[in-house]
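Two complexes come next, and they have one chain in common, subunit A, joined by subunit B in the first and subunit C in the second.
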Partner chain A sequence: MDRRLPAADRAPVSRTSRPGGGLTRRSALGLAAGALAAPALAASPGGADTLRGTGALGVVVERATGSLVIVDQIARAAIGRVTELGDLSHASVVYSPDQRFAYVFGRDGGLSKVDILTGAIAARVIQSGNAIGGAISDDGRLVAVSNYEPGGVRVFDAETLAPVADIPTGSKTIGLVDAPGRRFVFSLWDAGETWIADFASSAPAITRIEGMGKNPYDALITGDGRRYITGLFGEDGLTALDLWESPPAPRRILSGYGRGEEPLPVYKMPHLEGWALAGERFVLPAIGRHEVLWVDARSLEEVGRTATHGQPVFAVARPGGRQVWVNFAHPLNDTVQVIDSASGEVVHTLNPGPAVLHMEFTARGHEVWVSVRDAGRVDVYDTGTFEKRAEIAAESPSGIFFTARAHRMGL
Partner chain B sequence: MDRRLPAADRAPVSRTSRPGGGLTRRSALGLAAGALAAPALAASPGGADTLRGTGALGVVVERATGSLVIVDQIARAAIGRVTELGDLSHASVVYSPDQRFAYVFGRDGGLSKVDILTGAIAARVIQSGNAIGGAISDDGRLVAVSNYEPGGVRVFDAETLAPVADIPTGSKTIGLVDAPGRRFVFSLWDAGETWIADFASSAPAITRIEGMGKNPYDALITGDGRRYITGLFGEDGLTALDLWESPPAPRRILSGYGRGEEPLPVYKMPHLEGWALAGERFVLPAIGRHEVLWVDARSLEEVGRTATHGQPVFAVARPGGRQVWVNFAHPLNDTVQVIDSASGEVVHTLNPGPAVLHMEFTARGHEVWVSVRDAGRVDVYDTGTFEKRAEIAAESPSGIFFTARAHRMGL
Partner chain C sequence: MPDWLARLALALAALPCAAMAGEVSPERAAALERLVVQDCGSCHGLTLKGGLGPDIGSEALAGTEPESLAAIILDGVPGTAMPPWRPLITEEDARWIADYLLRTERP
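Now for the complex of A and B:
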């Protein structure tokens, strides 16, 4: 794909530069809540004291520089930057219910609470050596982080980031999501188990579900918080739990869903985060094939496939589910395809540029933001006409996270 | 039910006092955007300049006094009041995408844009003599109002409330909702038609769908923006449209869903606004019976009924659909019941007090706010334990509208 990339489009970014490294060490020495200086907002219109609603804000992860760009969906513009957030490769973000604070989960175990109104880091802890993802409880009071090293899940007070609970699992822990009723659900890579940690009371009650399958590598929860589904690295198929059951019994589904043909690293597997619900079907990326799969949302059985440009990484439904937008793995990652949910046909192909890493829709789906990492840009498209509405500069942008996520489950 | 009501619980409110009347006349003379003085925020913590997120705010309609209480879900408290909004009986509210501005649709044709950060009325117009409900387009640029008198739909610029389009219908117009793609959908009481107004281009394109049935009195759109369903006053059953079809063909469903046994006024019919999606079924109030109906979400056929305490008015799913909360018509309107979605059984009965008019869940459903009009209170319940967490004073509270609605379709 690099052939198609004019040299002038390349952003002058060094992939090895990680200015957050120093911060990481300082924080590990005990500088936690409130101890860090607030970086100035670059290009903040009206200054940090501007009264504004937070419903149409968001952040874009700049993975190479350990920073975030704060964005405004209505202005289609960057309004600030927050730096010194550590290693943000594979970083993810959740929001407080008031949509003022972004909790940023770094790969280096850093957990940062960022005030997107002022650009300040309100609190920051290094809670492990190597983490993968986090979640916030439905009441917004608890933030949980899933750890590779030393494994387990750690839970923090969302206000202060003070530790609340430590749940050792004796395993790399993956697929952490929130579920209704102040619960977190996660899976154990080594043990093939899923655990439900229920924080309705002060001490968490743990439900252990065995027999999930060999080496769960990722998981998702459906948008209604009901079904938890794990991908398996060690065997074909997926395992589903119905969280409305008590206790839920594991059920194997999609036996034709092959395991990866390559050994680790796990991140080469397609992302399971949030299957797209499109009408009566989920759509999900096939593994190692140029296809997406359609799965009946009730039976969880495969009901069709659509051939795509490359190996899908994310298949994301436009809110309402009328269309599904798909991006692809290297080296076909300069392209995005749009699939009609009713017919299952590709109706449009876009070529945003080199290394399309993520797509995020506005809350009601009229526009979609696309990060084009190696062009140093986030592009905004009209989902009706497919016209590009804006380009926003960013350093090696990866994940895009809008504040509307605060109001959804399992993100 | 008044037997159960201690006199001391009655709020000292005159139902005929409408301080907004004077304002109404002034506005009709041409005082529109920005021309009105901002009422001071009563009991605003930190003052009107307080920097705060808007994701967990909301408003409560005080119908007797033509005012709104601005509330904070996290503090479980009122943080301000906005007065002089005219006749707010049957008022409804939608939000700008940034969740800063509430658009308030009054019964007297008043359309007010309220800044919930400052408590100011940012703009106000009297756009007709008698209106019923409104909607905001998915891009947040257009606000539409459905009118009884003189009928039709009027569309306004969401920024300024300047008129954008006037769509005469020759009929009382009801059931106005937004749909994906900058569209509004509404129905004609007199003509038995549904119209789709598509504002993707500057001039609206109108699609007229005839044969919807006799005297549609209300309508809803499902949460995915796909199915539009009208209630019929003049015949049994409902009519459904699949907006994924082009053009959609009307389909009669639920032939056992009886028309009202009483003539007008229409507002005695149960509210169709937003059927609750609970797992694989919708739940909706029966007409004139002490029952809710369960309807298969795919076939739209009735699949069961649950006996309830009274005639249901609203059946609202807790986000995620695990439970459904139901309130009831006079004289049994002091009670709320909670139905388990899986079993269809009533699992809890609450007695909040006289005249429970509305229920609104926090975005991820951990709490629910209940307006108890004749007690002059809004109560906050934990949805897990059913314990009351807070009481908030309000003058004859009716509708409760949280800002998370900005991010949902068809509200």
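Now for the complex of A and C:
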């Protein structure tokens, strides 16, 4: 294993010796020594006079300190830190189409636009009291945020973060995704509805779909932008929409997957975002159960299930779909399991450490980055050999977001 | 005993336990404070100002009896997303958390 902190000896000499040229020797050593105070990393990762691409960059959310670490997937290292981003518990990130700007959605309603090349906050607004996630439109012009308090969705100009539209729903709003054609789709926890906001013309056209089920807690959109699937907390099943229909009709799927068994207490809601096709089927975390569910991608019928270590939080397919990596809810959250997609069997179990919160694959899936919150670390694993390739220090890391998300629907 | 339950029992046994009824050790208190911030925070927000679950800051809870708060923590609220924590914590733990929530002022 290569314990690869952002060591100064790996940085090109020209960068460490050039005044104002980005990552300095002092700042890199500061992090290596465990000095995790915010100023330890240079704020300007690329340096204004250094040409570089962003395709292998990403950010790691430091949930407790309201900061982001900017990371380089090729160097397997932290290259900068951005602070003053507010309450980043449950924060998520989407990218501009040019992969330069990260839009950060904070729990406190803060929406920040971060330039990952310079480390500067290009724009920031406090758009509500309490937010839960966001999305960017397919043309990269609009950023939408879903809110718990006061509920509803607010939409902003991606360039300036000036307000564009306010869509009150009278309900906590969850499962916000982008859909093809400058549309956003989201669901209402309290009302059990899904709304489609179409921004093809200046005023948004809203389509309301009732009867989605009781307490939808999260949703996903398939990679082709066609199917929107909500998980239900208040019912034993999920609801699917075919966005190619107009208007789409809700269809219950996997009804009664618990088969009347009493569900276990749910200490953390699963996330559905990590959807990806694994062969002809996709995998979903079962809520209140120690298993994942396999669903036929065409018929949307259950075709199997795999018993897991705990209640799954994320079940994420490696790009290409050969494996599914699963992490778990408290108190079994020190473990990650790898399921072989072809056989549906658990083929490997890892114990990265206390509180594994998120996993992010490199764009072609050769490595996966795993945040281990209570160890203050992000671990990088080889997905072929399961060997740990690197560890990167971070303060209470949660979500990891690589720039390749810029070019994927629903992310 | 199913494997997950065995592991859970093991994980809990590793935590420092209360020396006497009604009190928790300083180590246990630190573990419970972490549980409140990180795991209650999953739904109620890191600052406990609310999320999927309601605001559970001291201001919002003012006037609530600690006993009834402890009962909610232990047994959850049926029909909502609030789970019962009884499988993971003791009654003393729940009472400590209730007192902690009621007395801790947050910005």
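The rule is short, and it goes like this: the second predicted complex is superposed on the first by the 350 of 411 C-alpha atoms of A that agree within 3 Å, B and C clash if a C-alpha of one lies under 4 Å from a C-alpha of the other, contacts with A are read in each partner's own complex, and residues count from 1 in each chain.
One rule holds for everything that comes next: contacts are C-beta pairs under 8 Å (C-beta built on N, C-alpha and C of every residue); 3 or more make two chains touch, one makes a residue touch a chain.
If you're wondering where the values come from, they're calculated on a predicted model, not measured in any experiment.
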| item | value |
| --- | --- |
| Which of subunit B and subunit C A:290 touches, first, second, both or neither | second |
| Residue contacts with subunit A in the superposition, subunit B compared against subunit C | B |
| Touched partner set for A:74, first subunit B, second subunit C, both or neither | first |
| Partner chain in contact with A:366 - subunit B first, subunit C second, else both or neither | first |
| First (subunit B), second (subunit C), both or neither touched by A:132 | second |
| Contacts of A:331 with subunit B and subunit C, given as first, second, both or neither | second |
| Partner chain(s) touched by A:90 [first = subunit B, second = subunit C, both, neither] | second |
| Subunit C-facing residues of subunit A, complex | 63-64, 87, 89-90, 107-108, 129-130, 132, 148-149, 172, 174, 189, 215, 217, 233, 265-269, 290, 309-310, 330-332, 355, 373-374 |
| Subunit A-touching residues of subunit C, taken from the complex the two chains share | 3-4, 7-8, 11-12, 38-39, 41-43, 45-47, 49-52, 76, 81, 83-85, 87-88 |
| In the complex with subunit A, residue positions of subunit B that touch it | 49, 51-57, 73-74, 95-101, 117-118, 138-140, 178, 180-182, 200, 224-226, 244, 279-280, 298, 318-322, 342, 362-367, 384-385, 403-404, 406-409 |
